[in-house]
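Let me give you the structure first, and then I'll get to my questions.
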Amino acid sequence: MLYQLPDRDIERFIEEDIPYGDLTTLLLGIGDLHGEITFTSREPTTLCCTEEAARILEKCGATVSFLLQSGTTVEPGVTILSANGSAGTLHAGWKVALNLLEYASGIATRTHKIVTLVKKVNPAITIVTTRKSFPGTKKIAIKAVMAGGALPHRLGLSESVLVFRQHIAFCGGLERFLQTVSELKAKSPEHKIIVEADSAEEALLIAAAGVDVVQIDKLQPEALSRLVEQLHRVAPGVKISAAGGITGENASVYAETGVDMLVLSSLYFGKPSDIAASITFLQP
Amino acid sequence: MLYQLPDRDIERFIEEDIPYGDLTTLLLGIGDLHGEITFTSREPTTLCCTEEAARILEKCGATVSFLLQSGTTVEPGVTILSANGSAGTLHAGWKVALNLLEYASGIATRTHKIVTLVKKVNPAITIVTTRKSFPGTKKIAIKAVMAGGALPHRLGLSESVLVFRQHIAFCGGLERFLQTVSELKAKSPEHKIIVEADSAEEALLIAAAGVDVVQIDKLQPEALSRLVEQLHRVAPGVKISAAGGITGENASVYAETGVDMLVLSSLYFGKPSDIAASITFLQP
Amino acid sequence: MLYQLPDRDIERFIEEDIPYGDLTTLLLGIGDLHGEITFTSREPTTLCCTEEAARILEKCGATVSFLLQSGTTVEPGVTILSANGSAGTLHAGWKVALNLLEYASGIATRTHKIVTLVKKVNPAITIVTTRKSFPGTKKIAIKAVMAGGALPHRLGLSESVLVFRQHIAFCGGLERFLQTVSELKAKSPEHKIIVEADSAEEALLIAAAGVDVVQIDKLQPEALSRLVEQLHRVAPGVKISAAGGITGENASVYAETGVDMLVLSSLYFGKPSDIAASITFLQP
Amino acid sequence: MLYQLPDRDIERFIEEDIPYGDLTTLLLGIGDLHGEITFTSREPTTLCCTEEAARILEKCGATVSFLLQSGTTVEPGVTILSANGSAGTLHAGWKVALNLLEYASGIATRTHKIVTLVKKVNPAITIVTTRKSFPGTKKIAIKAVMAGGALPHRLGLSESVLVFRQHIAFCGGLERFLQTVSELKAKSPEHKIIVEADSAEEALLIAAAGVDVVQIDKLQPEALSRLVEQLHRVAPGVKISAAGGITGENASVYAETGVDMLVLSSLYFGKPSDIAASITFLQP
Amino acid sequence: MLYQLPDRDIERFIEEDIPYGDLTTLLLGIGDLHGEITFTSREPTTLCCTEEAARILEKCGATVSFLLQSGTTVEPGVTILSANGSAGTLHAGWKVALNLLEYASGIATRTHKIVTLVKKVNPAITIVTTRKSFPGTKKIAIKAVMAGGALPHRLGLSESVLVFRQHIAFCGGLERFLQTVSELKAKSPEHKIIVEADSAEEALLIAAAGVDVVQIDKLQPEALSRLVEQLHRVAPGVKISAAGGITGENASVYAETGVDMLVLSSLYFGKPSDIAASITFLQP
Amino acid sequence: MLYQLPDRDIERFIEEDIPYGDLTTLLLGIGDLHGEITFTSREPTTLCCTEEAARILEKCGATVSFLLQSGTTVEPGVTILSANGSAGTLHAGWKVALNLLEYASGIATRTHKIVTLVKKVNPAITIVTTRKSFPGTKKIAIKAVMAGGALPHRLGLSESVLVFRQHIAFCGGLERFLQTVSELKAKSPEHKIIVEADSAEEALLIAAAGVDVVQIDKLQPEALSRLVEQLHRVAPGVKISAAGGITGENASVYAETGVDMLVLSSLYFGKPSDIAASITFLQP
C-alpha cells in the first residue's frame, strides 16, 4: 500500500471548496435526506488517491462502503468507490473527492501507460519523474507516480546530488569541475553523483570523469543511441539517463536508445481522468 | 494589481522543494559566490505569479531587480524577472520560482488565448471557470484565470447557488423542484439562482420557471444555437451558460451560439508555459 | 445538518486554553477518577456548535452520550449535551466546550429571535449578516447565523459584488459610475450587482440605473417606507436591503418598511448564552 | 509597548475576508488608482490592535503613514491610523483592519472605563479577566484587556491553580479537600492556591485553611462586604476576589466591598468600538 | 493521565521522517506482508509519550494491542508497546515512534531519578524545570517532566512574574526596585513575585523586601546552607529556590541545603532512553 | 551560507515561550526604556542558528547590529550577536534566541570537534548523522550538523534505500534477499543500495552481493579493522560505514579502522553550548 496524505491536506482540500457548507443544499432544505454516491471509471484508469477520496467523504460525514486501492488499473465502467450518507454530506464531499481522484488518477494513468509501453521495448529501463509537479501538490503527484509504477528521480534539492550547468558556471567551467568529481564522491559516499550533460561531447567527458550517472538533456534519439554505445565503452559502469521533452509520444523511441532511465516532467500535467459520480436518493 | 498569495504558501512551495538546503551547492562549496538569475519567455505568454516568484527568490535571500506584473502578455524573448544574490540563494529559489511561474502562466496564457478568441466572435460573452482546479492550488489557479482575463464561475459551494441534477434527485424531480424556484429566490435575494439543464427540454422548463441563469451541460453547438433562440423567446431575461467539454478548440463555435457565458475546466490543466531561466556567475 | 468546523479549529480551541494539561487536576491527583459532565440550558436558547463541543470533549478523551443538534431551540432546563470520562478528561474539555457553546449559541439565539420577530411583521423578509464577525471566528459565526435561520449577506470580498461609496470615489462619482452598471452586469452575469446608497436620492438614482439590489445605509424607518414605495415605482424588479444600526430592538420597525432584506452586524456580538455545566463524580 | 500578534494571524484575518482578492474592485477596473485611508474615532475609545491593523494594510500593499499605539485613549474625532496605496490595496485591507480595530478597541474601551471607575472607589483594587474570551481570539482579547489597564486572571488551565467545586467533587467534599491545602501549597511553591467559594460559609472555611486567594462566586455586594470583614479577621493575609455577573454597571458597588480583585468575563463581549474609515481618491 | 499532544504534532513527526512513504519497503515489494512490532525497555525507564507513539503507529495504519501509560517506571526487559499491521505500516511508524519514546522517556527517566534521589534527602522539596527545553519541543518536554514527577517552574514569560537582574537594570538598580515590591504584589495579587538573586547579600535584601520567592543563582551548596538559615530568620514566609548548574550529580547536596525548590534545565538534555524495537514477520 | 529556517518556525519558537508578552516587564512598567543585548561565547563554540536568533530578536522588534554566521568557530569571550531595542523587545526575544543558539551550537560544536578529531586520523573519512534527532527539530539539527562540517546520512525514509534486518525479515531471510540485490539496483539506478550488517559474516555476504554500501552495526573497532580488510578484498568498490554507539570518545578509534563513514546519533543530544547574554540599559 502506498503512503497516505496527512489529515491536514484532507481538511485543506475540503475547506478550499466548501468553507461554510453547501449553500444550495441548505436553501433547498434537502440536507437530511439519505442518499448514495458512486464513482465509476469512464475510461481505462490507473487509480490514485481513492483512500484520500474516501477520507474526504468520511470527514464530510458519509460512510464508505467500497473502495479500490491506489495503484489498481481498471477498465471503463468499473465501480471505484461508494459511500452513503445524508444529502448534505454527499454534496459536501462529491466534487472535492472527485476532483482529487481525477487529477491524481490522471497522473497515475499517464505513468502506467508509459511504463507499460517502454518496458515492452526495454524491460530493464526505469521511468522517473522530475521535481516539476504543480507547486503545493507534491504529496499527490509522487503518490500518483508511484501508483503508476514509476519513481521520483529526486524529491527535492536536499537529498540528492545533481550537478547542472548552472552549478558548473560557479565552478570555473566543466573541465575544472570534472577534476573535483572524485573529491565530491568522497565527500558524500552514500549519494550517487549525477551530472547533467548538454551535448554528446560533454556526456563523454563527464562519464570519463567517474560520475555515477550522466543525465543527457534534450539529445535526439538517434544521436542518443550512438552516444550510449560510446559511453558504455568509455565508462562501462556509468548509468545513463535521458531528460528533456520526453512524453508519452516519444518515450518508446527514447527507450530503444539503451539508456537506463527516462526522466519526465510531462506525467504531472495533462487531462485529469474522466470518472463519473452518481448520487441517488435512497427512499427511507 | 491582482491579489498576492500569502507568505505561508510561499514558504510551503520552498519547503516542498528544498527542506534542508541544496545539497549539491553545499558539496560543491560554491554557495557564497555571486551571480544573477534571469527568467525569459520562450513563447507568447500571459504572465502570472511573477510577484510570488520574486518573493520566493527574496525569501531565499536574493535581491529582485526587475519584474513584469501578473497579467502582462509578452512575446518570446522578453525578460520577465531578474534577481541577483549568492549562488546558494539562486540555486535554492531557481526551480521553485520557475515552476510556479510556468504552471501559473500556463493557465493565464490558455485563458488569455481563449478570451481573445471568443471575444472576436462574440464581444459580449464572458469566460468563467469551474471549481475543478488541482486540489490545493485554488489560490494560484484563480489568480491565473483573472490574469488571463476570465473570472471564476464560483469559488466553491458556500457562496453561490447552483442546482445540479444531483440536488434535484432529492427534491422529488425537476417538475417539483421548479415549483419552488420563486421561494428559493426569495430566500436568498442577493444570489442568482443557477440551474443546470441536461437537455434542451429541461433548459426550456427551467428558464420558464424564472431562474436567473440556466447552465446547459454538454449540448452540441448546433442544438445549442437553436435552444438559445427558444430560450430568449420563452424567458427574455434569463442568462444562458454553456458547460461541459469546452476547450480552446471548440470555444469559438460555442461562442457563436449566442450564450452569455462559457464555463470551462480545461484552462486549469495542460502544458505549463515554457520559460527559460539562466544563472550566470558575476565575477567579483 | 449544518457544516462542521475542521479538526484543526477544535485543536486550536483546546490548545488556547490547556496547552499543557490542567495543572489543578494534576496537583490534586484526581485525574483518573470517573465522572460525568452535563450541559443544560438556563434560558430559551437556539443551540449552535453542540457537535463541536462534543468533539472537544472527545478529543480530550471523554465519551459523548447525548447531544442536541445545532439549530435546535430549547426552553430553559433542557439537557443539551452529556459526556463521561475521567476527571482529567472532563476538566480539560469543560470550559473549552462550554465557552464555544455559549458564544455560538448566543449568536444563534439572537438570530433566531430576530428572524421570528420580523417574519411576524413581514413573512417574506430575509435576514442577512455582514462580514463584521470577530476576526478569526467566521467559521463559528456563519454556522451560528445559519443555525438561527438567517444567512450571510456575503462571505467576503471575493465572491460578491457590492459597490460602496468608497469604490465610487475612484469611479469619477456616482453619476459616472451608474453609466457603467450595464457593463458591470455583463462582465459578471452570475453575480447580482448590489450598490450601497447613502440617501434616498442616491437610492432612486441607483435603482433606476438597473442594479439588482440597492442597499440603503442608515435611513430612518419612516423615510425608508416612503423610499421603498418610490423604488417599487421607479424600478419594480429591484431588491431593497436596509443596513446600518439595525438591532433586535428596531428590526420589526424596519421590517414593516417593506424592504426585502435586513442586513445586520449586531447579531455577531452581545452576551453569550447562559448554559449550565455540571460535573459529577461517578462512584466506581 | 504590548505584544504583537504573529504574522500567521494577520494572514488568517486577511484570508478570512478576501481569499481571492476584491471582486468588486477588479470588475470596476479601479485597482491601480491611488488613494488614502484614514481611521478616525467616533466616540471616546481606548485603542487596541492599531499595530496589527497597520500590518494588515501593509500586507495588502499599502504604506502606513500614521499610527497611534495600542493603549492610547482618544476623544471622538481623533485620527487613529492613516495609510495610502492603490485602490485595490486599500479596499483589500479596509474592513479587515477596521473590524479588528473595532472589536479589540471595544474590549480595551470597556476595560479602561471599568478600571477608571473602580479605581476611584478603591485605588488598590485589581481588575482581572477570566478565560471566557471568544474561542480562537485569546491573542486579541488579552492584548485588549492589557491595553485597557487590566490583566488576565489566568491564561488557561496549565499555568495556575484554581480549585472549583467541580474539582472538589472528586476530592471527597470541601472538608476533606481543605485538609490537603498545605500539601497542595508545598507541591507547587511558585503558584498561588486559589479556591472558589459558592457561599460566605464556604469562603470562611476556605480562607481559614490557608489558601492564598479565595474567589467568591456570585455573592451580592452587601453580603460580600460583611464577608470581606470576617475574612480579614479569620485570615488576615488572604486575598479576596469576587467573580460572577460583574459588569460595568455594578463594578463600582463591588469595588466598595473591599475585595482585592474583581474577576470579569463581561469585558470580552459587547458592542465593538465605532470607528470611521474614510477612503479618498488621490488625484495623480 | 497526562495530557496528549495534538494530532497536528503527531502528523508533523511522521512527515518529518517519511514525507513520501518508505522507499526501501516500496522497492522491496514487501509492504503488504503482515507483521508485529514490539518495543521493550533495555534499562530502567520512566516512560513518556507511549500514547503518542501508539498514535503514530495508528496514523501509519497499524493496530495497537498493548500500551503502558506515560509515567510508568519499568525495569529492563519489559514490553512497553505492541502493534501489528502490514510491513509498510510498521516500517513507516517504527523509528518515528521509537525516537519520540526514547527522547521523551529520557527526560522522564532523568526527572524520576532525581526526584527520587532528592526526596530521600528532603521529602518536602520540589523539583521544577526551566523554560530551556529544545526549541519547538515544549509539549513533549513538559509532559516528560510531569511523567517523571516534577513540574515546570514556569511555562513561559506570559503567566508568571520572575524578576531577573536584566529587568532590574531598567529599574534603577536593585535598591530602587525593591522599594516597588509591594506595589508589584498589589498589581498582580494572583501571581507570586519571584526575584532572582546573584549573591547571598542580594538574596537577603530581596527576601527582606517581601517577595514570595527568592531564586538563588549559582551559589555553592555550603554557602547556600548558611544563606537558607539567614533567610528563614529575616523572612520566615519566603520560599527559596536554587537554580544554575544543578544536575543529577549535585542535586542531593543542594537538596540538603534546605531550599524549597531546585530549578533545573539539565533534565531536558542528555542521552535518550535505550528502547529496543523488534519487528517480526507474521506468517499468514 | 546554510539554509534558513522558515518564518513559521521563528514564530512558533516565540509563541512557545511568550504567547501573550512578558508579564514581568509589563508589571514593572519598563517596556519602553531602551537597551542593548549582547551574546558572547563562554567556551570554544561552533555557532549555529545565529541568523535565526537574529530573526527572533527582529520579530520581537529589536534591531540587530552584529552577527557571526552559522558555521563560524569562536574562542571563549567572542561577541556572537548584538541587538538593541526597547526593554520589552529585548526581554521578549532574549531567552528564545539564546535557547535556540545554545541547542543548535551545541550540536554544531560536538560535530565540529568530532570531525576535526577523526580527520586527523583518517582525512578521507566522512561523518554522517542518523535520522534520530529530537522529534520536531530536524530543521535545526541538520543545519547544525552541516554547520559543524558533517552531513546527514539520510533525511528520512523517502529518499534513500537502507535495508535493515527488519526489512529482511519480510524478504525470506538474508540469503534470499541478497539474490535480489541486482534487481533492486536496477529498479532505482539513482540511489545507492545500503544494507545493514549485524555481524562480520553478514557484512561479507552483503558486500559480495554487490551492494553499494555496507553499514556495520555495533562491531568493536578491532574486529571492524579486520573486517574492513576482508571487505576490501571481497568487494573492492564497496563503501563501508560503521554505526551504533559511536560517540566523541571512541570516534577516533573507529576512524582508524579504515571505514569510509561513521554514522552517529550522539551528536544530536548532550549539553547545549554555554553562551552568555547580557542586557544593558542605554541611558537616553
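As written, the chains take the letters A, B, C, D, E and F, and residue 1 is the first residue of each chain.
In the analysis below, a residue touches a chain if its C-beta (ideal position, glycine included) is under 8 Å from a C-beta of that chain, and two chains touch if they have at least 3 such contacts.
All of these numbers come straight from a predicted model, not from anything done at the bench.
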Shared chain contacts [chain B and chain D, defined touch]: C, F
Minimal step count in the chain contact network, chain C to chain F: 2
Chain at maximum distance from chain C, centres defined as averaged CA atoms: F
When chain D is superposed on chain E by its C-alpha atoms, the rotation angle in degrees, nearest 5: 180
Equivalent interface positions on chain D and chain F, same or different at half: different
Interchain centroid distance [CA atoms averaged], chain A/chain E, Å: 43
Cα-centroid distance, chain A relative to chain F, in whole angstrom: 32
Contacts with two or more other chains, residues of chain E listed in rising order: 7-8, 18-23, 92, 138, 151, 155, 158-160, 187-188, 191
Touching pairs among all chains present in the structure: A-B, A-C, A-E, A-F, B-C, B-D, B-F, C-D, C-E, D-E, D-F, E-F
Chain F residues touching chain A - in the complex, by the definition given at the top: 124, 126, 128, 151, 153-155, 158-160, 186-192, 194, 213, 239, 241, 260-261
Contacting residues of chain E [partner chain C, same complex]: 1-4, 6-8, 138-139, 142-143, 146, 151-152, 155
Chain F partner contacts - residues on chain E that touch it in the complex: 9, 12-13, 16-25, 27-28, 30, 33, 35, 87, 90-92, 94-96, 99-100, 102-103, 106, 131-138, 140, 156-164, 166-167, 169-171, 177, 180, 184, 187-188, 191, 269-272, 278-281
Of all residues in chain A, those that touch chain C in their complex: 7-8, 11, 14-15, 18-23, 26, 31-32, 61, 86, 88-89, 92
